[in-house]
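Data first, discussion second: the structure below is written as structure tokens.
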């Protein structure tokens, strides 16, 4: 068993639309150790969600993972059959989504939806599953769990529903939990509770978390290791302290600058000029070149590769790698 | 829930009364009087004698008095006598209504039995060959007048291929009983059932397909898949349970059709159903038959609507039953 | 698979449009009027021979006949699209189909045979009193009902009293309304008067009926009108006909057959009545009348599922039956006609010349020959073809109103309707518009409406047609009696001596609300003749009266007779011994018919 | 077609300024993807075109009787042959189409307007308004179609010209159909009313009518379109059923419905196919194309449908 729980090598997931091929995920590499939290940061449209869906093999038409390998506990998920994937989903890898309001089936009781996973993967009987469901609800901090188990989703608040999602995801004690912007739709106070809950559960159940977010604050608080994605590629990969102290890729620097900090009295926030390029008309060289203040000639013509500039800190940018050397 | 049902039933009473009033006025407003219709042309009956018969049936009284007399009789369960058949309306109706019910219950089961799976498949495999096929096929059903479609089937299967009988519900002169009788009726039912079922497929398949398409896009379907459920379970349990909501309204609409009978289809296949009785009742201005049948269908329709709303509450927990 | 059919559809539409845009305009080659005459004559010549000399058209008996291999082959199955109401007893009989069952299971005092002569049935003889007001009948003493009880004069009296009962709301009241004592009996609701004065049971087998007036046609009330019902079975207390109504579809009669089974809306099954008194015993073991649908009954006949269809007029269906090869054709002239009655009190058809012009102006022969393909002709007097009053000599004397647009135009000019520049005629500023109220019987009316609109346009008459269902028309014509110039209907007379029908249809006395004189025809000479015609007992004098009446009405033209058609009975050739006329159908002739194995 | 150069320039320009796609352009873009829907659009436009251009296309008058060549099979002078009275059948199909399509579209229009009004208002407000409106809808829904048709066509029989009588038939068909749609829309709005975007709309202080007709009704668009397109078929069928029962459009005026009715006789079915195939085929094409277009429109309009 390699020491990495999840080892993603050069994964490419493209969408074959009738207007052209959109390279949503264009050669992504990263690794997650057991019990570790990996943060995936990037603007919307950078391929974060598609990466997570590729891991789960739930990419919808017309998308398809055409290259690379996703080694989970040493086995490549891309070679698995649909049935094998179905035994993994919800059992060994489970997922929670951004929109708690619409992610639960409105016509089934909340308890039923949790019990379903337990009965499917742990083949428990109905009452065993019900008790476990109640237990899970208690774990995720839902008061009066015995009553809530028989409630319908529309009877719960957004925060409560996200807790139910987490209960459902962790019911089978998966080794990896993929959280696709879990707190974006919640207000700040609830957000903090959910994040704190996820950390407790991580420690208690030893579940690795792949946390996808565009919020650097969340990453700082939760992640052990971070990768920054831009236009379907990983542009920087570093442990969290290293990244915050020493952001090397111009895009990461731009992101860092745009975080509002309490002690800074500047009224206008810095933002990165320009827009994310149209997926069908990507520049030839480095994708960030059109918006990069430090761009040099080479950036226009060649595509940078991820190179290690410090222990565990890689960056794919010519300027950044030269400077260090 | 029981309180709600009771309240809705109470609410129906004024509605039924209003319907009966409007219906009575409409039926009376139909030009042509039943006595003249019954006596027909060149009956050589003296006009004063005609007046005497009208007086006997109370047709000469002003409309509101006739209505009150009719209402009193209805409340005591006496539906009056048919001018055409000269027998109590209840007796005439009971002879024919069950034939209509028999035909329509089979059509109901077939129509929903086919359209639900087909609708789901067409939704899941959108724009596939099967989806296109069923879209066009089900449109054939509603773009052909039923008598035209009926006759085509008769000339095709009954006259040329001689597989099915041409008309009627049982073979004339046959002394079948028990199973043989049932088989004989079944043989006679095939063609009318095809006409009525295909006729209704178009709307059912489309409604099921569209409600499924709406549901399949929802987030909770993605969640279901992420829980490792098989595609079958995701579609038939999670998706279909939500698509059931608009389908329940269709069942409500269908309840009355179980009894109203298709006037034209019953006529083309000489199926002794209630449709033909109603048609003749209207043509011959047989007031009691027309009033009783239409009141029965109106009440059925109201029940159907109630069933719909209850169905909603059962199927969709979000709808509170105030 | 589906893609290809899609492409085909698209290509078809494209060719369709290309063909259109590419083609050149062609003028409408032949002229309207003259062409019509040639084709009408060709078709009608063929039709006329067909009708006149060949009464029965033998079919080829070698052709395989599916009816022979049918499981109920010893049964004679008649298809009828009219529809049962299950009112088999004579008092409440109101549909042609129910009447078949009545004639098979009950018997009348007298009836017409297939030569149009009066034939004795239950009555073995009758005589008329000096004052011609009383008819005395002597019954056969060997007539029994199917349960063996003998039929006596009491049963006859009972039958004639049921239709006079105060609570009776059936259709046969006209049979007794002219008998002495009817009004007193009919108005007495308390049931004090037990018998009508005019009906006397003299002994078990003799009964007399006395009428208010001495009319020849009174005898008609005993010819095939009421079929005798046994009092011991159908008896009811006066004023309570609901007891009789409850037994409408139960049958205890003295006819050749008795009821086995009645399946409402499907069929009626009858078998031989052993106690039948008739000299000629029935030879077909079982008879079934099956409910059919117009558009498929010919196919059932050709498939051998039914043996007979009576009274067919559609040439297309006759064609299909002919192709089958094993169907015999029995043709007979209809005792009645299809017509358009004028409203003689409504502008502009109150003017005799306008009426005549409208008859001359419409090519009835073209319509008849196109629609009936020769199996019908037109008439110029409202009487049934089989009436003995409608003699050859009379027909020669009548002015014929064959299609003559010039004469029509001339008559309209005389009536003061001058041709306007828009091709229509005007008088005192009003356009000559004819409103026709019609029932919506699609096939025939589509053709009449189409032809008439064209023909009348040419003589400057505008036609407006309003369609409605049968009973709306009845009310407009019987009650409203205005708002239309012509209305379309058809009628049948069930007697060769229709004096009573003519009286109630044309006498001005009946030009009242609910009266049968719907043409609102008022003519003194016509009234006098009709009154005499009903009375005259001497047949030769009666014929003279018929002639005078016909010539007068032929000149007044209150009615446009569209067609007097031939009926065709289609019978499977395994059934023999049948020869019908319009008033003597298979249910009269059943005892002479047999099935050849 | 646009030359290559212009297309390239367009692409360039598009890339620079942010791609702004109006709602209808997006709808049209989605609609174009659905081949069946496009086919439906073409077919129905051809039919409508033919029907409108009837007087120009065919030299014959609609009711011109010509007994000399009655019941002729299709020939050069008569592309679709002639009927029993020798009238040019192709001409009658075109004029018949005018009325059938008018009946279909007009009555669906009536039932749409009433259905949306009743369904929207009662679904949105609920409470006693919902109760009353639904009861009214129920009363109308319980009205038997046949007696009403007979009564009105008889009462108006002579006073109203045949042209207006047709519109009256269309209104009856429309009015009697709307309760079904109203209930469907009400059901949808009951569930939609609960969702957040409605709370947002209330927060923005939108007027009720804007909420109902700008926000709620478009969400029920899928059902409205399906009901409307099926409604067209239903209306054409009702008209033909009326003529089968003798109360629809009056001869000699043709509609596809009564032409099929009149041609449905065993003799005609066997020997004169040109009398029953064309009208039946036209009805089928009209109904199919309208429904295919409806499907395409529904998919195209629904933003979430092709995420």
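For reference, chains read A, B, C and D in written order, and residue numbers begin at 1 within each chain.
In the analysis below, contacts are C-beta pairs under 8 Å (C-beta built on N, C-alpha and C of every residue); 3 or more make two chains touch, one makes a residue touch a chain.
Here the structure is a predicted model, which is why all the values come from computation and not from measurement.
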> Of the chains present, which has its C-alpha mean closest to the combined C-alpha mean?
Replying inline: B
> Comparing centres built from CA atoms, which chain ends up most distant from chain A?
Replying inline: C
>> For the interfaces B-C and A-D, which has the higher count of C-beta pairs in contact?
In response: B-C
> Cα centroid separation between chain B and chain C, in whole Å?
Replying inline: 36
>> From the mean C-alpha coordinate of chain A to that of chain D, what's the distance rounded to whole Å?
In response: 49
> How big is the gap, in whole Å, between where the Cα atoms of chain A centre and where those of chain C centre?
Replying inline: 89
> Cα centroid separation between chain C and chain D, in whole Å?
Replying inline: 44
> Where in chain A do residues touch two or more other chains at once?
Replying inline: 154
> Which positions in chain D touch two or more other chains at once?
Replying inline: 36, 150, 154, 194, 245, 261, 264, 266, 307
> What are the residues of chain C that contact at least two other chains?
Replying inline: 295-296, 299, 468-469, 472
>> Run through the chains and report each pair that touches.
In response: A-B, A-D, B-C, B-D, C-D
>> Going by the contact rule set out above, which residues of chain A touch chain B in the complex?
In response: 56, 58, 82-83, 85-91, 94-95, 97, 99, 102-108, 116-117, 120-121, 152, 154, 165, 168
>> Show me the residue ranges of chain D that touch chain A in the complex, using the header's touch definition.
In response: 15, 18-19, 33, 194, 196, 307
> For chain C, which residues count as touching chain B in their complex?
Replying inline: 1-2, 71-72, 75, 77, 83, 85-87, 92, 94, 167, 169-171, 173-174, 177, 186, 242, 245-246, 248, 263-267, 269, 286, 288, 290-293, 295-297, 299-300, 302-303, 305-306, 468-476, 478-479, 489, 491, 500-501, 504-505, 510, 512-516
> Considering the complex alone, what residue numbers of chain B touch chain A?
Replying inline: 218-220, 222-231, 238, 241-242, 315-318
> Which part of chain A faces chain D closely enough to touch in the complex?
Replying inline: 18, 60, 101, 154, 275, 278, 281
